[in-house]
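Across the two complexes that follow, chain A remains constant while its partner is chain B and subsequently chain C.
Take a look at the complex of A and B:
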C-alpha cells in the first residue's frame, strides 16, 4: 500500500478547509435569509391582519342586520338601529349562547357569518348620554390567537319607541376586534 | 511529468464539477425564489382586489374607477358555482372564494382600468349590495326603446369625458347594429334592453352577430336580452357568425321592478345565466337572515302598541293573516325555496310588495315603520 505524501496531505487538508469554509458561508447565508424571511413574514401577517380588520369593520358598518333605514330613502350611514340590536340580544339570550347568538344559530348560518365576519368580536358601546354596558353583537374570537387588531368607529344609535313621535339618537362606538 | 499532468487535469475536473454543483445550487435557489415571488405576487394581487371589492361593495350607487397599472397584462377571472364564487388571476394559483357577497362581472377582464358599481338590492328593505365589476375594455352596446333603456344608459355610462362610467354605446337600428365593431376592446356585450333584438323565435335579423365582431373569439362576444316587461332574462353567446341562446328557459328577475333595479342591472353585467343565478342565490340566502331580524323587530314594535290607541299599528304589525310579521315569516320560507330552486322565486316579489304596502300603511297611520 502506498502512503500519502505530505504534500498530498496538505492539499487534502486545504481542500477540506475550503469546502468547510464554503459551507459555513452558505450556512450563514441561509441563516441570514431565513431570519429575513421570518421577519418579513411577520410583517406581512400584520399587514394582512390590518387589512382584514378594516374590511370587517367596513362590512359591519354596512350590515343590513344593523343599519338604520328611512323607508325608501338612502340608509342612514354610521348608524345602528337599536331595535335590531335588541332582536340580536334577545336571540342570544334565548339560545343560551351568551354572545352573538343570532349570527351563530345553526351551523349553516354560523358558517355564513363566519365567511363575512371571520374570527372577530364586535361590540357596541354606548357613550352618550350615558355609558351603558357594552353589547357583544358577534363573538367568534380565536381561542389560541396570537395577534389582535382592534378598530373603533363612532356611530349614532337610533331608537324609536311606539310612544315617541320621533326617533331619538344616542352616540356610541363599534369596536371590531379581529384575531389571527 | 505524466503524474503532474494527471494532477492538473484532475484539479480542473474537480473545479469544474464543484463549480457546476455550486452554480446548480444557486440556480435552484433563484428558481425557487422566483416561484415563491410569483405565488406571493398572485396572493398580494388577489388580496388587494378583495379589499377593493369590499370597499366598492359598500359604496352604494357610486362608480369607482381603479387603475390596474402593471396588472393590465394579467387576466382577472371570475366564476361562480353552487353559491360559491371565486376570482383570481390566470396563470397564478392564488384565488379568493366568497359565499356571501354577490358580484356580477364578465368571466374574464383584461384592462388598464376596472370599473366597479354597487346598487342596493331591496325586497322591500335592503338585503345586500350587488356589486358590478367591469372594465374600460368591456364594451356594451345598448339596444332598445323605452324608459328602462334611457334609465340604464344614463346611469351606467359617463355623461361627460371626466365622469366615471361604463363603456356603453347606444344603438337604435339594424344599420347601427351591423356597424358594431370591437375597436380596441377585450370583449363586447350586446344589451337587448327591450327584447326586440335577440329573441330568435321572433326576429330573423337578430340571428346574426354584427359582421364587425365575427373575427373576435366566441368567448369575447356575448349578449343579454330582457323580455318586453323586463321580468326575464336570456343569455347569448357568439358561435361563429350566429348567436346561440345559452338558457332555454327564461331566468326570472326577482325584484320589485323599481328605478335602479339592482337585480335587473345585475342580469346585464353577469357573465352568463349560471353566474347570475349563483350570485343571486347569495342574496336570497341573506334575505332569510335579514328578514329574521325584521321579524323580531316587528314583534317588538307590536308589543310596544299594547294600549287601545295602538290597536291599528298592532294590527298591521301582527295578528292578521296579512300582518307584517306573517309576511316576514312567509318571506323567509319562500327565500329558502328560492335559494334552492330559482324557479320558485315568483312568490317572493308578491310578498315583498305586500310588505312594502304594509310599511307605507304604518307610516300613514303614524306608527313606527319597520324599515
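Take a look at the complex of A and C:
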C-alpha cells in the first residue's frame, strides 16, 4: 500500500480550499440573486401601483362629472367646475354615503365608478383665495391596504357668481390616493 | 490536464464571475427613471402654471380703486401684463391695478409665492419660476422670479418644465412664463 506523500497532502488541501472558496462564492451569488429578485419584485409592484395612480389621476381630470365645459366647445383642461362639485357634495351630504356624491344611483353606478377609479380616495383642496376644507369626491379606500400612492395635480376651480358676467377661477389641487 | 491549463480555466471562471457582478451592478445603476416621476413633474409644472395664470383675484382685494364697479383681474392676463406695462414705476408703486394698494408686480409675486408654498413646497418639490418681459430688441427683464435669484433646478438631472407659456399683451409686449420642477 502506497502512503500519501507530503506533496500529495499539500495538493489535496489546496484543492479542498479552492473548492470551499468556490462554493462560498456560489453561495454569495445565490444570496445576492435572491435578494435582487425580492427587491425587483417589490419595485415592480410599486411601478404597477404608480401606473395605476397615474391612470386614475388622468381619468379623474377628464371625468365629465367634474370637467369645465362650455357648451359644445372644447372642455377646459386642468379645470374643475365647482357647480358640478356642489351638486356632488349635496348628494353626498343627503345620502351620507362613504363614496361621495358619485354613487347615489345604486349598485350599477357603483360598479361603473369602481371600474374607473378602483380603490382610491380623491379629494379636492382649494388653496387660493381661501384654503377651504378638502372636499371628498370619491372614497373607496381599501380597508386592509398595504401600500398607498398619492398623486397631486393642480387645477383651476371655476365657478360663477350672480351679477358677474365672467367666471371666477380659484386655485386648488386634486389629491388622488391609490391603495393596494 | 496540465497545471497551466487548470490555471487558465480558473482565470476564465474568475473573469466570468466578475463580468456577471458588473452586469448586475450596471442593471441597478442604469435603471430607467420611473414613468410616474416624469409624469408627475411634467404634469405638475404645466398644471401649476396654467392654473396660476388663470386665477382671478377676489373682489375683496379692491384691485382697481379709481374704477367704478368691481375689478377681478386674472393673475396672468391682467396682473402680469400690468406689471410689464408699469415696470418702470414699480418703485413708486404706481400701476393700473392696485390690489391691496400694491403695485401689480408686487401683488403677482406675492400671490405666486403663496400658490407655490401651498403646493410645490408643501409636497417637497424644488422649482424655479420665471416670468420675463421680452422687448423689441430681444432684451429680457425678469418680471417675477421665484425663488428669488433661484438656482434651485440648475444642473439637476431630474428636471422637467411646464413648457413656455407666452402672453401677448394689448400694448404689444410679449411675456414668457416658464416653471421648472425638479427632484
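The rule is simple: the second predicted complex is superposed on the first by the 134 of 180 C-alpha atoms of A that agree within 3 Å, B and C clash if a C-alpha of one lies under 4 Å from a C-alpha of the other, contacts with A are read in each partner's own complex, and residues count from 1 in each chain.
Note that a residue touches a chain if its C-beta (ideal position, glycine included) is under 8 Å from a C-beta of that chain, and two chains touch if they have at least 3 such contacts.
The shown structure was predicted, so the numbers you read here are calculated from the model rather than taken from an experiment.
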First, second, both or neither for A:180, with chain B first and chain C second: neither
Touched partner set for A:152, first chain B, second chain C, both or neither: second
Partner chain(s) touched by A:170 [first = chain B, second = chain C, both, neither]: second
Partner chain(s) touched by A:53 [first = chain B, second = chain C, both, neither]: second
Which of chain B and chain C A:119 touches, first, second, both or neither: neither
First (chain B), second (chain C), both or neither touched by A:131: second
First (chain B), second (chain C), both or neither touched by A:36: second
Partner chain(s) touched by A:25 [first = chain B, second = chain C, both, neither]: second
First (chain B), second (chain C), both or neither touched by A:75: first
Shared chain A contacts, counted only where both chain B and chain C touch the same residue: 51, 54
Residue ranges of chain A in contact with chain C within the complex: 18, 25, 29, 32, 36, 47, 50-51, 53-54, 57, 77-79, 127-129, 131, 149, 151-156, 164, 166, 168-173
Contact set on chain B toward chain A in their complex: 22, 25, 47, 50-51, 54-55, 58, 60, 98-100, 120, 125-129, 285-286, 289-290, 292-294, 296-297, 300-301, 304-305, 310, 313, 359, 363, 367-369, 371
Contact footprint of chain A on chain C as seen in their complex: 10, 17, 20, 24, 34-36, 39-40, 43-44, 46-48, 50-52, 54-58, 60, 70, 72, 74, 111, 114-115, 118-119, 123
Residue numbers on chain A that touch chain B, as the complex places them: 22, 26, 48, 51, 54-55, 58-59, 61-62, 64-65, 67, 69, 71, 74-75, 81, 83-84, 86-88, 90-91, 102, 109, 111-112, 115-116, 160-163
